[in-house]
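Read through the structures below before going on.
Next come two complexes, and both contain chain A; in the first it sits with chain B, in the second with chain C.
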Partner chain A sequence: MAIIVEGRLMTFILMIIFFVLMYYFMSINKEQQYTIRAMPALQAIPEAVGRAAEMGRPVLWTPGISGALNNSSQGPQILAAISILEYLTEECVKAGVHLQAIVPLPDALPLIEETMRTAYLREGKPEEFNPDQITFISEQSPYLSATLGYMQRYEPASNIFVGGFYYESVVLGEAGNHIGAMQIGGTNNTHQMPFLVATCDYMLLAEELFAAGAAISQNRDMLGSIKGEDFMKVILVAITGVGFILGALNITIIADLLGM
Partner chain B sequence: MAYPTATLDVIGLWVGWFLMLMIYSYPLYKENVAYRAAEHMFIGVTLAITIITNFSNVMRMCITPLTQGNILMIVPLVLGLLMFTMLIPEYRWLSRYPVALLVGAGFGLGIRGTIKPNLQDAIIDTITAPTGGAMIDWFNYLYVAVGLICSIMYFMLTFEHSGPLKAPTRIGRLFIMVGLGAYFGNTVLFRFTMLTGRAQYFLQVLKLIPM
Partner chain C sequence: MSNVLKQEAVYAVTGIVTILMLVEYFFFADTQVWAETIRTWAVIIYNISLGLGAARLLISHSARVSKKGRDWQFSGLLLGLFAIMLLTGFAGYIMTGVQTNNGIYNWMFNYIYTPLGATLYPITGFYIFSAAYRAFRARNIDAALMLIAGCFVMLKNAPVGEAIWIGFATIGNWFQFTGQVPGMRTFAIVGALGLIAYGFRALLGKERGFYAGGGE
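Moving on, here comes the complex of A and B:
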């Protein structure tokens, strides 16, 4: 049996290169702090909370149905969304605004509860945290119906839809617009981005969601990994650029190497 | 399919018809008791079905093999039970262990299938030049390559979009918007097809069109 299956050698090499790059940037970030570029959606969170305080209405946060933690493509989204939730909770506690989280993900529930509880504690108001601020509804359609019901009955001033969304993105976004809420969206699911872009006032597109999570938490490892990712992108852009020119000259060396 | 004749089937058809109207009463009128009743009924019934499905899955995949001597099944059973400790404040910390295991295993397994399709295959497709001499093929070749490079540059998150990065990131943003617009149009079309299906059901139950 071959150690490396044919056609997967380059995958292995790329994995090693990316691992080394990430590790390097995570290590050197101990001395040097990286910053994430300005993101309007992130800067709009205090505005969203302030709006809710002025109107005397709640803020709604929901992470979508798809971000099960054991799913490699969806799980990171819920982790980034939880980082944003931490920041949002702190802002809500400071402004005395009620924050309601509607969560359809059983495995993320302990993390979400712990995050909100810690945020209240950090702001010196642990007694104000009520576990009923988190509504758990499993399955997509019931979760969607319950969230729509909440929006219609309590008319939150601001909705924060960040995480892994499926078709609920368009329904929630539309319902939020209907009640005139200020909306901030963010997802890495390409097929749902158009709906959040169309219905939200501010949007965290794809990887911006992860970067927002890192920027809020100021976690050095996370910031280092984002820097490492950026260098991976530089390498990929260079490979694509050179490959494009060589490809036009009918030289397929880059494509052949990548296919190894 | 012909219009059903059995009493239970006919009742089911009309219950579905009324529930559909109750749900549509919200967009067509406003939030009301009928809509709220349908919403609560829907949530309750679906949750009940989920509980039954999950319970049968645990019985079939874990308890039955365990009672038949597959002692390893005790591991997922214990991990699953640990999730319930989140209901007891004193032992809530125990629920973190199954969550940590789920996250670690999921991400580890996922890495394998990410690099090849998302990076290698995407780049290979982009840099493989067209074999024919048709102008449109070469235009596509250039369009896809510029779109890919500029879109990747837009997502360089630790660099400000200024200086030499200003122009490519702006072009990247335009490409992303064009892509999202295409997605949007496609899905709106699909949603209208779903609406057509509901309208068809409405008329079929009233026997205005054949089933």
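Moving on, here comes the complex of A and C:
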């Protein structure tokens, strides 16, 4: 009797290898320190907050509508975006800048509120946090029109669009450009990346969004998992390369193995 | 419950749910029923959160109306419309068992909400034009290459392109369905790896976003 579902054996083996690699770099050889390349989009966050402080205008953060937490492929994007929100909130508290979050995801709302509250607490100004800094608007069209309205009325100095986006990415990005805002984008949705790249000054592409939390905290264990991820990429590139060469020679062993 | 215990409870629930889901996906096991139940819980919790969102909306706008705060008239309008939709929806449900069996409810949804949403969608077209103008300025060699590729795809999609030269369709199709695919798939694969790594870190309690600023 088969134990593993047909066609998922190799995926399971690769996943185990991936987990082992990440755990190895996170937990073994604790003396070794890891570094991560600088991400311009993250380095630009203090600049975005500073710009808002100088102009006396707010910073707008919004995570897009596609990342409902019960969606396994989209949900993690909003969680990664919340890591960035925490850092952004701390920077805003330090600079005394008003941060407005417009959120269309009801299940993420408590996480976002708690994250901002914790960031205010960590900076020693819990009394300055106001729940009205978070606006909840459900459904795509109302969310979009409310965010556009906020941009027109308050003209935020900087917009941070990180998370899971659908078509609102191009509308928000362009509306932000029309009011002259500095913009930082980030998403893992491949079909929306071009719009954010075209409309934002800085961009977190695909895995950069998920690595942002590690890059901000510089936590050794978190960076270790990214080192494991890089090794996994090397393995996958090698499999692809060998498979390509063998496939060209009509040898289908790699394709057959991956299909197991 | 202390904060430490609360955190440990979150780690434990996260770990158990993850293991259940992985076992359900990879193995033929009796845990499939449990995993299905957890997914149903997720849907229920999501819908409860919608209810909480509605309650928070009502509290916030009621306060604004009672204090005559900024733009309180809009808050009053929102409360009025909210009440009408809720009452007509319930009325339809009580009388016929189907909430949409109410003329006012249907009229407001079909002739106010749907057209407003449909009106907003086409503005995307204008924004795509202005975004394309921004992206297609040949400021360097990369942007110039993208401009050339973009022109071929535009001429392939516009009927006038094929009328000028049939080859635009062939070249445009190559860019759209062959040239860009490896790049997009690379993003998809590394994005998936990043997602798994994120999940692994969250499982070990390292990701603070997952724990709303808590975690290690």
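By our rule, the second predicted complex is superposed on the first by the 248 of 260 C-alpha atoms of A that agree within 3 Å, B and C clash if a C-alpha of one lies under 4 Å from a C-alpha of the other, contacts with A are read in each partner's own complex, and residues count from 1 in each chain.
The rule we apply is simple: a contact is a pair of C-beta atoms (placed from the backbone, for glycine too) under 8 Å apart; a residue touches a chain by one contact, two chains touch by 3 or more.
None of these values were measured; they are calculated from a predicted model.
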Chain B versus chain C as contact partner of A:118, first or second or both or neither: second
Which of chain B and chain C A:34 touches, first, second, both or neither: first
Partner chain(s) touched by A:247 [first = chain B, second = chain C, both, neither]: first
A:83 touches, of chain B and chain C: first, second, both or neither? second
Contacts of A:132 with chain B and chain C, given as first, second, both or neither: second
Contacts of A:152 with chain B and chain C, given as first, second, both or neither: first
First (chain B), second (chain C), both or neither touched by A:227: first
First, second, both or neither for A:183, with chain B first and chain C second: neither
Contacts of A:66 with chain B and chain C, given as first, second, both or neither: neither
Set of chain A residues, in rising order, touched by both chain B and chain C: 8, 11, 15, 18, 68-70, 73, 76, 106-107, 109-111, 114, 138-139, 141, 145, 170, 190, 193-195, 197-198, 205-208, 211, 226, 229, 233, 236
Residues on chain A engaged by chain C in the complex (per definition of touch): 1-5, 8, 11-12, 15, 18-19, 22, 26, 68-70, 73, 76, 79-86, 106-107, 109-112, 114-115, 117-119, 122, 132, 136, 138-141, 144-145, 167, 170-171, 173-175, 177, 188, 190, 193-195, 197-199, 205-211, 213-214, 217, 219, 221-222, 225-226, 228-229, 232-233, 236
Chain A contact footprint on chain B (complex, rising order): 26, 31, 36, 39, 42-43, 46-47, 50, 83, 86, 92, 95-96, 98-99, 102-103, 105-107, 109-111, 113-116, 119-120, 123-124, 126-129, 141, 145, 148-149, 152-153, 155-161, 176, 180-181, 183-184, 187, 191
Residue ranges of chain C in contact with chain A within the complex: 25-28, 39, 42-43, 45-46, 49-50, 52-53, 56-57, 60, 116-117, 120-121, 123-124, 127-128, 130-132, 134-135, 184, 187-191, 193-202, 204, 206-210, 212-214, 216
Touching residues on chain A, where the partner in the complex is chain B: 8, 10-11, 14-15, 18, 34-38, 68-73, 75-76, 106-111, 113-114, 137-139, 141-142, 145-146, 148-149, 152-153, 170, 190-191, 193-195, 197-198, 205-208, 211, 223, 226-227, 229-230, 233-234, 236-237, 239-241, 243-244, 246-248, 250, 252, 254-255, 258-259
